[in-house]
Each structure stands twice: as structure tokens, then as C-alpha cells.
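Going by the order they are written in, the chains are A, B, C, D and E; count residues from 1 in each one.
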Amino acid sequence: MAEALLQVEDLKKYFPIRRGVFQRTVGHVRAVDGISFTVQKGETLGVVGESGCGKSTMGRSILRLIEPTSGVVNFEGRNIVRLRKGQMQAMRRQMQLVFQDPYASLNPRFSIAQTLMEPMIIHNLYGSREERLDRVRRLLERVGLDADYARRYPHEFSGGQRQRIGIARALAVDPKLIILDEPVAALDVSVQSQVLNLLEDLQEELGLTYIFIAHDLSVVRHISDRILVLYLGRMMELVEAEELFADPLHPYTQALLSAVPVPDPDAKRERIILQGDLPSPANPPSGCPFHTRCPVAKPVCRERAPQWKEIKPKHYVACHAYA
Amino acid sequence: MGNILEVENLNIQFRLDEKYYTAVQDVSFSIREGETLGLVGESGCGKSVTSLSIMRLLQPPTQISGQIRYQGKNLLDLPEKQMRSIRGNEISMIFQEPMTSLNPVHRIGTQISESLILHKDLSGKQARQETIRLLQSVGIPRPEQIVDEFPHQLSGGMRQRVMIAIAMACKPQLLIADEPTTALDVTIQAQILDLMRKVARENRTSILLITHDLGVVAEMCDRVAVMYAGRIVEEGPVRQIFRNPQHPYTQGLLASLPKVDGPRTRLQPIEGNVPSLKNMPQGCRFAPRCRRAMDVCRQRDADFHLVEDAHRVRCWLHAE
Amino acid sequence: MSVFWKKGAAVAASVGTLALVLAGCGASSSNNTTGTSNTSSTGTNTAAGKPVEGGQVTLDMIQNIRDLDPALEFDTASNEIVSQMYDQLVTWKNGTTDIVPMAAEKYSISKDGLTYTFHLRKNMKFWNGDPVTAQSFIDEFYRVLSPNMGSGGQGFYEIIQGADQYAAGKTDKISGLSAPDPYTLVIKLSKPEAFFLQALTLPFASAVDKKFIESVGNHQVYKKNPTFDSTQAMGSGPFELQTINSNQIVLKKNPNYWRTDSYGQKLPYLSKITFNINNNDQVDALHFQQGQTAWIGWNFGGDGIPSSAYPQFMSNPNLKKLTVSAVQNSVQYVGLNTKLGPTKNKLVRQAIEYAIDKQAIIKLNNGRGKVANQPLPPGVVGYDNNLSPQAQYTYDPNKAKQLLKQAGYPHGLTIDMYSENSPDQVKFDQAVQGQLAKVGIKVKLHTSSWGTFLNVAEAGKAPMFWLAWIQDFPDASDFLNTLFNSSQAPVNNCTNYSNPQVDKWLNQAQYSDDQNERNQLYAKVTDQVMEDAAWVPIYYDVFTAAVQPWVHGFYIPKAGTDPLATIWIDKSHQKG
Amino acid sequence: MAAMQFETPPAPAEAAPPAKPFTRKFWKSVRDFPMLYLGALIIVLLILAAVLAPVISPHNPTTQFSDGLTESGIPVGPSAKFPLGADNLGRDILSRVLYGAQVSLLVGVISTVINLVLGVLVGTVAGYFGGWVDNVLMRVTDVILAFPLLLFAMALVAVLGPSLWNVLFAIGVLGWGTMARVVRGQVLAVKEFEYVQAERALGASNTRIMFRVILPNIIGPVIVLSTLNVGQNILVEAGLSFLGIGIQPPTPSWGNMIEAGMQTYQVAPWTLWFPGLALVIAVLGFNLLGDGLRDILDPRNTQH
Amino acid sequence: MYAYILRRLFSAVIVLFGISVVTFLLIYAIPADPARMIAGPKAPESVVLTIRHQLGLDQPLPLQYIHYVWRLLHGDLGTSYTYNLPVATMIVQRLWPTAELALGCWLAELIIGIPLGIYTARHARRLGDYIVSALALIGISLPLFWLGLLLLYWLAYQVPIFPLGGFGGLRYLILPSLTYGITGAAYYTRLLKSSMLEVMQQDYVRTARAKGAGESRVTFRHVVRNALIPVVTFAGIDFSYLLTGVVLVEATFNWNGFGSLAYTAIQNLDVPVIMGTVLLVAVAVVLFNLIVDILYSVIDPRIRYS
């Protein structure tokens, strides 16, 4: 775990808010507001946060499915933000995305074989149709599905099976990095664990690197090496998974962890119930974005955004409490 | 402490493609006054259908049999008019999607006071005052303004508070909450669960909490019934179920959950998929996925067996 | 033109274009005659005693009025209204084709036929009180002949001395027009013309109030607001314009009109006439049956009882007895272009003459029509009763085929036929198409709106076409000279017919004042033209009107327009 | 538990019941969607009438029979020789109605194809690219939609001259607005689906995404709309012909037959009845088929 | 909300610009020479040239367009070739009869269509629904002019209850309205039905039932109110087309309105009138769309406040 596969520096994605007769831009939704991190080869970086924290936008900006407003995304040392359209399309072979909704992410008009061959056709892999079909069969088996399913259509599968197909599609081009955007959120508990296990196995076997985006803390903890906590498009905390849960430093992380219901009736935990709603990313609070709900907010939090600092070894936090 | 609701041998069948399929089979449970009962299970297990059948809100073509006794009256036999006077008054309900459960064209106040007007015979002015009070009691800031706003102006959490206000408007005996926090963020979920506990305590309202989230069950419920493929497979006090699950399904469910504490170990999933309505297995419906399934499981379904006091399980392993 | 039930060719032709295509019908008769019966009536309109003054009638028109300026209007509908509002020097004696004085109390023509002197009445006034003088007529001649007006009447009056120079914009004075005193008008012609007086009955030669016209805005070809010709009028005639819009025109009685009837009663009798513009002639028929309208027929943009209602009128005895019919001085014909397409070949033209079954077409028109054998209708002096054998054709498909073979088309040929796209016309077209198909001629139809059709036909570019000609006034020259003189090609002579001998006869007849000589010349022309087969005359229109029994003084005029001034109503006194 | 164990092979979502014979499936489908099949039947009959018109017509549609008119020129009523009576020129109405099917189908189908091509192209491009492309294309569509089809087609046909091909062209070129709007809406919806983003994530080109991924997924509504459109366009053609600026005589079209019938309907009402009836049945056929297709394509009505 | 309306206005102006270009180009598409049309076929070429110059037809195309728009903005739509009346005046005279007819037709559609829509939605998949739906389908398939003629034949000719066409009082309005109502109501019925069925599936309807609201309260207060939103949109656009697109009704019932004016003009290739009518139609459609959008924002609070 030495080599950095992906290096994100000060990534920003602002969506313009247009108003008025001429649709002038009157402001921006700061969906992603200055995110930097590095992902090592073979690592899983978990990204957590509540809705509107920009985690999905971040994932898509890294892949340039949404053009980032600014920032650098170095993939194996190449800044892919600068790549031209054609180069970028070729680059997509290296980095794939698995979606949340297993019902919406498969083209209902494509058979499974077509779905899985599509990436091969686009990138002109495996010369003949037979070779491609052969590859499809192997892929299906790899994700734990019967090779005969190739002829079927998505509606004939259950959610878990579809998610496996989605993963197989991502694998079809032999990517190095897979961004998993809430891959198990739509699945039932019993199936969710199947998919998580599959992901772990694939990572081990193929040496994949994951960015795992989720809102479910227990799932993220389970699969991640390190975890990045986002709030309103900004980074709050970044640290190894075990440590985040053992010793959360940021008040937001602490509140988040305490709010997770634990399937243990005897668990006695001190619950921090945050007041109020999430502020709108279109109009984020000044200073530290969390200060409006923070139980330990100080006047300075309102004025200045806290620095991103390494408080403990490899434990980064943005909070004035640790200034 | 009597039972406020007794469901007995509830069977619900849906018509699909000119055939009837059993979505809920032989479901029985009861809720005591002031108690919170959790009905837990994966999607498609029939838990929402059960809750809707209590309110008699299932749309045809469905067939319902069995008994749903509310304070001794079988709701299934009640004329529609009497049923209406129970809905929203004595039994009320909140739903999963706060974003779509409110009528977009009516003001918040109108929607809350509708219950009051329907059941409490309040004048418009009284209803408005009561509405503002309700909004306040569910923790909505600026209730005097919010009362005249439209749902789309509120956040999801706020809308769920409004839904709770609607449900609690007539101080019901029983509140049915169908996945009330599934669509919400964790921090908001904590707020809403907190609120539900508070209002239920204040009004001595019993809760039937329908959820797939075992964590929520552990936090909220006194007792829990676990459903699988249209049947209750295990039922008992929360602590016993979590400490000492008896049904292989309950066990598997708990084992497949990633934990927020303790060492990270490999998850142990339940194999296979939840069966679909049209392809229900013979015998015990969990048998095809059960690692401990025996021949008998694949032929006949088990009856309930008492494990401990008030802890029942439907499994052949406990037949003796 | 009507929106829907566009009538057949008769209307088509009557919504004419220029000078010569004017609908003809009766004229308001000169003084002192009440609506006495006339030859064509069937007795429904015999005056019963003394006319009753007052009352109003409603009539349906099927098309809008295009123009109210007497110098500009040139279609039947406008003509009908305009002639009620303006006075001319002379007019038709009612029910006849005799000229009688009108605004001119008397007139005289010099021996050489070149000088016409008119003595005007002294008590005539425009509605606004301005006196009508000789200058009022001279003003109108200047307007009609002006190079800037584009008046359709030019051609009728270029015979006036100096008029052609003026019309060409070379002088600003017409030497042939003078007024020695306010009530004497002298017109000098450059050549004698037998029918010049007839041309003076046209509304083009009305008295106009120049002062008024200039005050409201004279029409100078294209103006933003040409109110005078579209919404305003100032005449001296029996009826004044009350309102005009695209739905309705209302005329009210001119209380100061100078004419009186034989009882000394002032004309007109009716106090108000409402014309509803109603472009569904089936509805017109119904309105009549319901008694809402006083009559249907005449020239109001229609041609009598509409085709669609005609069978019903004829089969219902109560309705039938209210009808009046007369053969019109008009002819429906199929023109065969002598300079274009396969019809260049005379044999082909003759074959077509034999191939058309005129009787069948008249049947399609529910029997309304009289088989035509020459361009002149029988009611016009000069009608040739003794056609030469070469000028006569009977329906004979075999003969037609034989002629075609002779012409070099043993296997048939294709001809393009142009016409207006009105329902009746399209019906006739299809009949012709079917009949010609039987002899091996494939007819390709090109139907279009009246204007578009005329643009083709009057450019001489239609190999075959269906048109109709209705008299401007009952003189043979109005048919034969206009339609067959090579100098009239292609605008009126759409077949491009050109025969120097015929031209010579026509010119001779045009300027002769010997009626016998003229008749002989015209007979020769008719024979030659028919032998050359430039036209297939199909039928002479039979015009049928229906008149309420309480309407008195109605008759079908033989020339000019309808004499509304002498019609009166008496509901207590019904005929029939 | 073995790490490499996965879900048991699922029973396919709907386990194929023992293969039903095709005919049984067909009749079941007829029972489920009777409208669809009635519509299809009507259209098949219509096509047969159009194609076989030369064979099955009792007479030539343009032949004028002298015994088709009475002595006073009134069309004769239904009889052995003229099963549906004769028209104002003494022609056989039955034969003309049969030949009229040719015109209606030709105009209805070809103009719809033109609508379809233009509408799908504009709608897809506008919906997919969004932004100024969308703005420009949709304003153009607004302009097209602002002119009522019949009136605008009337003007255009008047300009071009009335003929079968001009009528068909005018309706085709002016009637694509609705299609473009619907397609755009569908594209906007489908574009948001994750499978479209997945395709982009795979590195597919815009053209590939538009035509290989999005288009097949909106084909349902497009087919439904097109089917209904055929009916509508047949009506527009009939309207134009009725107003006398459509199909020109002697070519029989139901519209110009109704127009002719209007001249005689008081004395010979059958001249009005039969061409109108044919028109209603034809349009009804396409409406039934379109509605039926909408039902069958609606996921709420399918058995899965 | 004002910004929303202003934005809609702005795009309406752009569409109007497009419409003016299209109508302007119509003159050039029409084969007849306007100057020749005014002068008449027999006028000398010199007169035609003079008219052409006076009309500005000898100027370059863009300049002519500017003049055209300039005149339009001053309410000058030109002068009819055929009737020599200002087109604006002719249109104004025809506007009221057409407005009356359109209103009658529109109300007939609403009165027939909306109750049937509610009925079919409430009785979905029952016999009543099937019967009404089948009738609706037939209604949609009926050619307006043919149905009109049949009604005229039966109810005005055979049994003379109504006038055989023409413009007048209420009696004249009934048959055309009925005809249009029968053929048009079905759109409302179907739209409202599907919209209501959709709304009935919504969570908030379930909420209303859960409150104990009765069926009619649920239907009218919760379902219909929401389901009417698309219907209102349709009704607005429908009316704008009606106001100007009743050519066939006017033709069938001999209604001397705007549609027959347009038709006559097309028949005569009376270019100024064609342009004027087509332009007015298009402008009306745009304006009504605008009104509907504004109305829409009043009905649906989600739009009002965004």
C-alpha cells in the first residue's frame, strides 16, 4: 500500500443557480467544495455523509461524468481533468462506477449478454463475438451468477442479482478503480451482506481499488480501510476506519455515530441529537458549515472555516475545537 | 393493560393475473395499551400489507380473512362509515415517504386540521389554534407561519413531523408507523424516533412500528414480531429476540449485519433470495435458504412453539 | 366567392375580372312603371293594385362585397349593391333590352354617330345635398379612365375622343368630354359605336361627388385606408349605405330620391334592405323556406336557387309555385386552346365537340340549362338560327374516335384541363373527364381557386378549360368580339383563337350602325368559330329564383341589375 | 459458511409455466386486450380493402353510370347494382369507399413517418443535449405548435397546390411538434436513469447513447403516439379534402366524398353516410390499436 | 413567480418572432404576385409596377421584413386583396362570432368531459367505465364535419329543432357546440381519468384515507384538485386552438367567423388575410399558453413559490 492510485486535490463542483428572466446565475450550489484525498492502490476509501453532502457528486466528478468546476484529479499521475474528450473516453476503461439503484442502472432493453458486451464493444476489447460471449460467461460466474443467465433480461432478476450484474459490467473492462455509489443501499439486509462479501473477494482477487460511497455507517466501517466524512460538500474528518469509530474527533462525526440505531437493546449509548435540519448547500452557513447544528460551536466557528489538520497521526479533522 | 389490537389468523390474498396469491398468511399478534410492537422483515414480507389491512386501506382486488379486533370490535366487519370514524381518530398512520405523503396543493394547516374537522367537530378557528399547538408539539419552529405554507417548502424531516402532527391530532389509541424513518438521514431519523417516543408517551398511544431496520427495532420496541414471506416466524420481547434468536431466519438476519463496534469479521449472509409472491416454496418458506433445513421443513410448515415466556417461534427445530 | 358551397361556373364567371365580365340581369326600370309583369315571370309577381310604401326585407348573399367604388367594382355582388346607390345617364326599360333615359332627361345622338348630348335633370342631389351636375359624370369618366386607377371600365370608354391618350398617361385632358352648362353633357366619340349607349348603363358611368371622394380619401391604387371604395359611398341613387361589414350590408331608403312611380308615389318603396352575407347557400334556401328572406336568386353572388336545394324546391309543389325561371344571356363553355397542346389540332378540337354529352351535363345540373350550340345565347340579337352544317355537332363518340384517329391519335392522348375548384364545377369537370375518357382522351384536371385559375386561363396557358360568359349588355359584340377577336387574346380570348377573316368581320360589325349588316356579319363569325371548334358551348344557363308571395314587383331582368327601387311588400296581400 | 457461496440459482422470476400452446396464449391476450385486437383487425381489413380495391370493387370508382342518377339528376339509393348507392355523378359509392382507403392509408402512414422522423430527431437531440440546443429546438417546436395543423396545412397546400403528395408532405412537415415534445420529455426522463450514466461511464459516444440506449427505451410511447397520429392525420387529410384543398377529384378520398355528399345529402343522405362511416371506422381502428398498445406497454398492466 | 412569468413572456416573445418570420415568408411562398392580385389580371404592367413599389415589394427581403413587423406593431395587417378592407377590421368583425362559438364548444367539452372523467376514474375497470371509455374512443374518432352534417340532417333538416346553420342566438350555438363537445370531450375524459388514476396511487391520497376522509371527500378534495392540473393546462391550450381553429366547425355550420375568413382567404390566395389570420392564430396560441402557465402557477403551489 505505497503507491497512490488516485490523488484528488481541492476538487470543487458548483452548480449554478439560475434565476430571473434571463436565467442569470445568481449563486451556486456548492455540492463539492474543496475536497482533497489520496487513494492507494488496493485500498478502500469509504465516504460517508448525509443526503446533500455531495458524496455522489464527488464520485461522479472524479470520473468526469459531471465536469468538476475546479481541482485536480490525478489518476496514476495523470490529471484527468485536463484530458480531451477522446482521451477521457479511453481513460474510462481504468475507472468504473457501480450505481445505487439496481433497478435503474441496467438498460431494460439489453439482455445481460448485451449489457456486459457493451463495454467491450465500446473499448474494442476481445475481437470476436464468441470471445466476448465467453468473457461474459466468465464474468457472470465470477460474480456468482449462472452463465446461462446471459440471455435473460434485467427484469427477470432480483435486486441482489442485478447488483451483481452491475458489478460484472464494471469489471468487464478490467478497471483499476471502482467507485461504488451506495451499492447496497437498495438491498435487503440479507442480500446486502452477500454483495459486500463479493466486493471484498473481488478486491482481494483482482487487486481493485474502491471508493465506497454510503450513508450507512456500519456498512462503511465494515468495508473501508479509511473513511472520509463529508458535510455540505466539505471534508470533516478522514481517518482509518477502526479509529473513526473508536475515537471520532469531529463533533459531527460524533453525533452521526451516536445517531445510528444499534441492533442491541442493551446498548447504552450517549445519544447526541442534533437540532434542526441540514442547511441548504445553495446557502451554506459561513465559517464551519456545521456550526449551526454543532453542540460545541464557538463564535469563531461562525466566522472562519477551520483548517484541515492532522490532529493525530493519519487522523485529519477540520474543527476549531482542535485548533 | 389490555390488548388494544388483536390480529388473528389474518390472511391476505392479492389477485394477479387472474389468480390469487397469498401475501400474508395466518398472521396473529396483539398490541397492548401503551406498548410499541415492532413488525420487522425484509421487503415483500407482507409487513406493510398487514398494517394497511388494519386500516382497511388495501385497494381491491384483495381478499382478507381472519379477524382484526380493535377494542373488541372486528374491524373487518365494520361498515365503512364506522371504520372512517376510527381512521385518523382512534387509529392513525404515518408513512415512509414524507415527501409524497402530503397533498402538494393544500396548505400544511389545512391538512392537519382536516382530521380535526372530520373527527372532533371543531370550528375553523379552533382547529387552526389546535393545529398551531400540534405543530409546536412536534417541534416545528415558527408554527404560525408554517401553518400557511405548502409541503414543498419544508424539508423531509419537517414533513415527517407534520405527518406525525396529523396522526396525533386526535390523540389516537394506536399509531401505525410504516417505515417512518427509512427515507430520512440518520441524524434526522434520531430526531423523529425521539419525537415518536415522546408523543406516544404523552398521549398513551400504542405504536405498531413497521421497519426493516433491526437497529430501530432495538431502540424503539417493547416486543417484536419477525416476518418472512408473509408469515410471522418469531415473536417475543425485544431483548429475548436479540439476545437469543431462535428462528434460523432471525439468526441469519442478525448475523448478516455489519456492526458499528467490535472486530470486523466477514459477514455471514443468508443465501439466496426472498421468494416472490408467485413462487412461494412448499412447507416452511424459509427452508430453501435455511442451512438447517430438514425434510419435514420442505413439506409442511411448522406451528408456533413457545420458547420462553411470550417468545414464540415457528420452526421445526423446536418441534419437540 | 363563397366559402363553401361555391356555385358552379355561373358564379365563377360572374365574379369576373374586368370590364367585360359583368353579370347581367335586369335594370331598375325608368320612371313610372310599377313592377309590371314581364315575359319571364310565371305570374307570381303581378302587381296587385297600388304599391305599399315602407317595410323592409332581408336577403342572403353568399359572398362579401369587394368594392363600393363605382369606378372599381367589377363583380356581380358589388355591382348589385353599387347600382342601387348610384344613378347613370341612361338605363334599361324594365324587363326589356330597350334603353331609356334616366339621369339624362333626354339625349340626342348626332347623325354621324359621334356626338352624344345629354340633358340632365335639375333636381338630382347626392345624399349629402350636393347637386348632381354634368361635371359629376365627367369626374367619374376621368376616374375610370385614369392610368392610376386600374379601373375595369377603361375599355368601354376608350372610344371617347382623347380617352386613349389620357388612359395612356400622355395627356391630362379628355377632349371628347365637355359640359357647356352644368346640366348638359356632351360626349364625342372617335369612331361610331353601335352599343355605346349600352355601355353607359354600366355603373362605371355613374354620377359621383368628387368633393366627397377627395375628403375621405381617393383610391390611388394602393392606400392604407381606401375608405371610399370599401366602406363609404356617396351616390344619388334610391338607397343609401347604412352599414357595411363582412357579415352584413344594410341599405336604407334615400328619402330625397327624385323618381316617382305612376301613382306619383316617391321611390323607393322599401325603407330598408338587409343583406346578410351567408356563404352557405343551403342555408339561404332554408331561410327562404322559413320565410326569413324575401327571395332567393338574382345576382347576389349566387345563381338562383342553389344546386343542393334545387331538387327539393322542384319536388315540393308549395315551393315550386314560388319559383320563376328564365334563360340567361350567358353561356357555359369548354374552351379549347388553338395555340397550345394537342388542341392545336383542329381535328382534336372537333373530336372533343362530338365527345361531350351536353345533355348529360345538364342532367347533372338538375336540368337547369338549355343545350348551347353557339357562343351567343338566344336572347341576344344576332343569335344564329341557321347554323351552317359544318358548325353543328351532335353527341357522337364514334365520330370523335374516328376524328382522333385521323388527327394521329389512334391510341388516345392526354389533355390538361383547368377550372375553378367549386363543388359544382368539379362535378362538371369530372363529367367531362368521364365522357372524354370514353373516346380515349385522358383529361388531367387542374382545379384551383378562381383567381389562380384565371391567372392561367387569361394568360392563354390553359389547353382546355371551363368558363362562362355573362353579358355586360345584350349586344353580340359583347360576346363575339370580346371572345374571338385575336386582339383580345389571351385575356378574354383565352383560346388564343385567331382568324384574320373573323377579325375583319368583327371589326366591321363593331363600328357599323346598321343592325342587319351586323347580324349577318355575326352569323358568319359564329359559323366560322364553330367550324374551327374553338369552344364547346355547353349550355345556356336557366336561372331560377324563388320569391315570397308577399313580394311585389319582382321580375328577372334581361339586362342590368335588379330594380330594388320598385319592389314593394304587402304581407296582407299575397299572390298565388 | 463457505466464502464463495452465492445465491442459489433463483427460480426465474416467473417460472415458465408448462409451455402454453400459442393459440391459448393468443386468445388469452385477446381477452386481456380486446381493444388492441379489434383495432388491429380493423386496420388489417382496411389494408385489405386498400390493396384489394381493384379486385373487390364492383365497379370502376370513376365510371359515371347514367342509371346512377334519376331523371332529375338525383343520385340513386342503395340497390343491387350500387350496394351503397351512387354519388352525385352516378358513380358507385362502395367502389369509391374501397378506393378511398388507399388514399387515407397512404396519407396517414407516410405523413406519420415524416412526423416520426422529424419529431424523434428534434426531440432526442433537444432532450439529450439540453442547454441552448434544447432552447433553440424547443422554441422552433413552439412556433410549429403555435400554428393549428389544419389551418397551416391549408395554407401550405394552397401554396404548393393540392395533390396527394403535397397534402401528405404538408401534414408530415407541420405535424411533428407533439412528437418532438413527447420524445423530448421521455428522453429527459430516461437520460436521468443510471443505465444511461453507466453507458457514459463506460466511455460511449453521445450518438451511441442517444440512438442505441435511449431511443429503444422510449420506443413504447413513440409507437403509441405514432399509431394515434396515423388516425389523426387521416382526419386532417379528410378535413382538407372536405374543404376542397386536399385530394383532388376524381381520385376518391373519404374527405372529398363527404364534401360531395354535402351537396346532395338532403335528397340522397347515403352519399354522406358511407364515406363518413368508413372514415370513423378507420380512425377508430388506429385509436383502438394505439390505446391497446399503450395498455400493453404500460408496465402496470403486464404480468411481470 | 414574477421572474417565472417574465421568463415565460420572454420566451413567448421569441416564439412570436419566429411566428412573424414564418408568416412573412408565406408571402414569398405563395405563387401569386401580390401586386398583380391587387391590380387584377388585366391591369397593365405599369400599374403592377407602381403597386409593387408602393407596397415596397421591390425592396430587399430583410428590409421588407422590418417594414412588415413595423406595420404589425402598429396594428396594420394590410388590406385584403379580395375585399379591399383592412385585414385588421375584417378580423375584428369575425372575432366575436368565433369567440362565441369557441366558448360554446369549449364549455360543451368541459361539461361533457369532466364529469365523465370523474365517473370513469371512480368506476375504473367496471362496466360503466368500459361503456363510457368506448364511447369516448368513438367520439375521438368521429370526424367533426361529418358528425356535424349528420346532426344537421337529423336535428335541423329532418326534425327541424335547430337552425340549419348560421350565426345568431343561443339556438344557433347548440348544434355546433354539441358536435364539438362530442368529438372533443373524450380528450378531457381520458386525460382526467388517467390523471385521477395516477393521483389515486399517490401517497397523500392514502394519507387522506388514513385520516378517515370519506370517498367523496377524497375524490373531490384530494384527487380531483390535483388531477385537474394537467386538465387545466390542456383546457387552456385547447381553447386557444379552438378560438382560431374552428375552421371545420364554421365550415360545417356556416358560421361566419374567423375560420371561414381564413378559409376564404386561402381559397382566394388573399395573402394579407392569410397572413393576418395565421398570425393571429399563432399569437393567440402563444398568449393562451402564457396564460395557462400563469394559471398553472396559481393552481400548483409548487410552481408558485419556486
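Heads up, the rule we're going with is that a contact is a pair of C-beta atoms (placed from the backbone, for glycine too) under 8 Å apart; a residue touches a chain by one contact, two chains touch by 3 or more.
Being a predicted model, the structure only gives us computed values, none of them experimental.
A.B. asks: State which chains count as neighbours of subunit C and simultaneously of subunit E.
C.D. replies: The common neighbours are D.
A.B. asks: Quick one: most central chain, C-alpha centroids?
C.D. replies: E
A.B. asks: Let me have the rounded angstrom distance from the C-alpha centre of subunit D over to the C-alpha centre of subunit E, please.
C.D. replies: That pair's centroid distance is 23 Å.
A.B. asks: Quick check: how many Å separate the C-alpha centres of subunit C and subunit D?
C.D. replies: The separation of the two C-alpha centroids amounts to 49 Å.
A.B. asks: Using mean CA coordinates as chain centres, what's the subunit B-subunit C distance in Å?
C.D. replies: Taking the average C-alpha coordinate of subunit B and of subunit C, the gap between them is 92 Å.
A.B. asks: Where in subunit A do residues touch at least two different other chains?
C.D. replies: Counting only residues that touch two or more other chains, subunit A contributes 158, 160-161, 191, 194, 197.
A.B. asks: Do you know which subunit E residues sit against two or more other chains?
C.D. replies: 31, 251, 263, 267, 269
A.B. asks: At least two other chains touched by the same residue of subunit B: list those residues.
C.D. replies: Residue numbers touching two or more other chains: 266, 268-269, 271, 273.
A.B. asks: Looking at the complex, which residues from subunit A come into contact with subunit B?
C.D. replies: Subunit A residues touching subunit B: 50-51, 158, 160-161, 188-194, 196-197, 200, 215, 217-219, 221-223, 241-242, 245, 255-267, 271, 273-274, 277-278.
A.B. asks: Of all residues in subunit E, which touch subunit B in the complex?
C.D. replies: 202-204, 206-214, 222, 225-226, 229, 299-302, 305
A.B. asks: What does subunit E use to touch subunit D in their complex?
C.D. replies: 11, 14-15, 18-19, 22, 26, 29-31, 137-138, 140-146, 149-150, 153, 157, 241, 244-245, 247-248, 251, 259, 262-263, 266-267, 269, 274, 277-278, 281-283, 285-286, 289
A.B. asks: Please output the residues of subunit D touching subunit E within their complex, sorted ascending.
C.D. replies: Residues 35, 139-140, 142-143, 145-148, 150-152, 154-156, 158-159, 231, 235, 238-239, 242-245, 258, 261-262, 265-266, 269, 272-273, 276, 279-280, 283-284, 287-288, 291.
A.B. asks: Enumerate the contact residues on subunit C facing subunit D in the complex.
C.D. replies: 5, 282, 307-309, 311-312, 314-315, 360, 363-367, 421, 423-424, 426-427, 429-431, 433-434, 437, 445, 447-449
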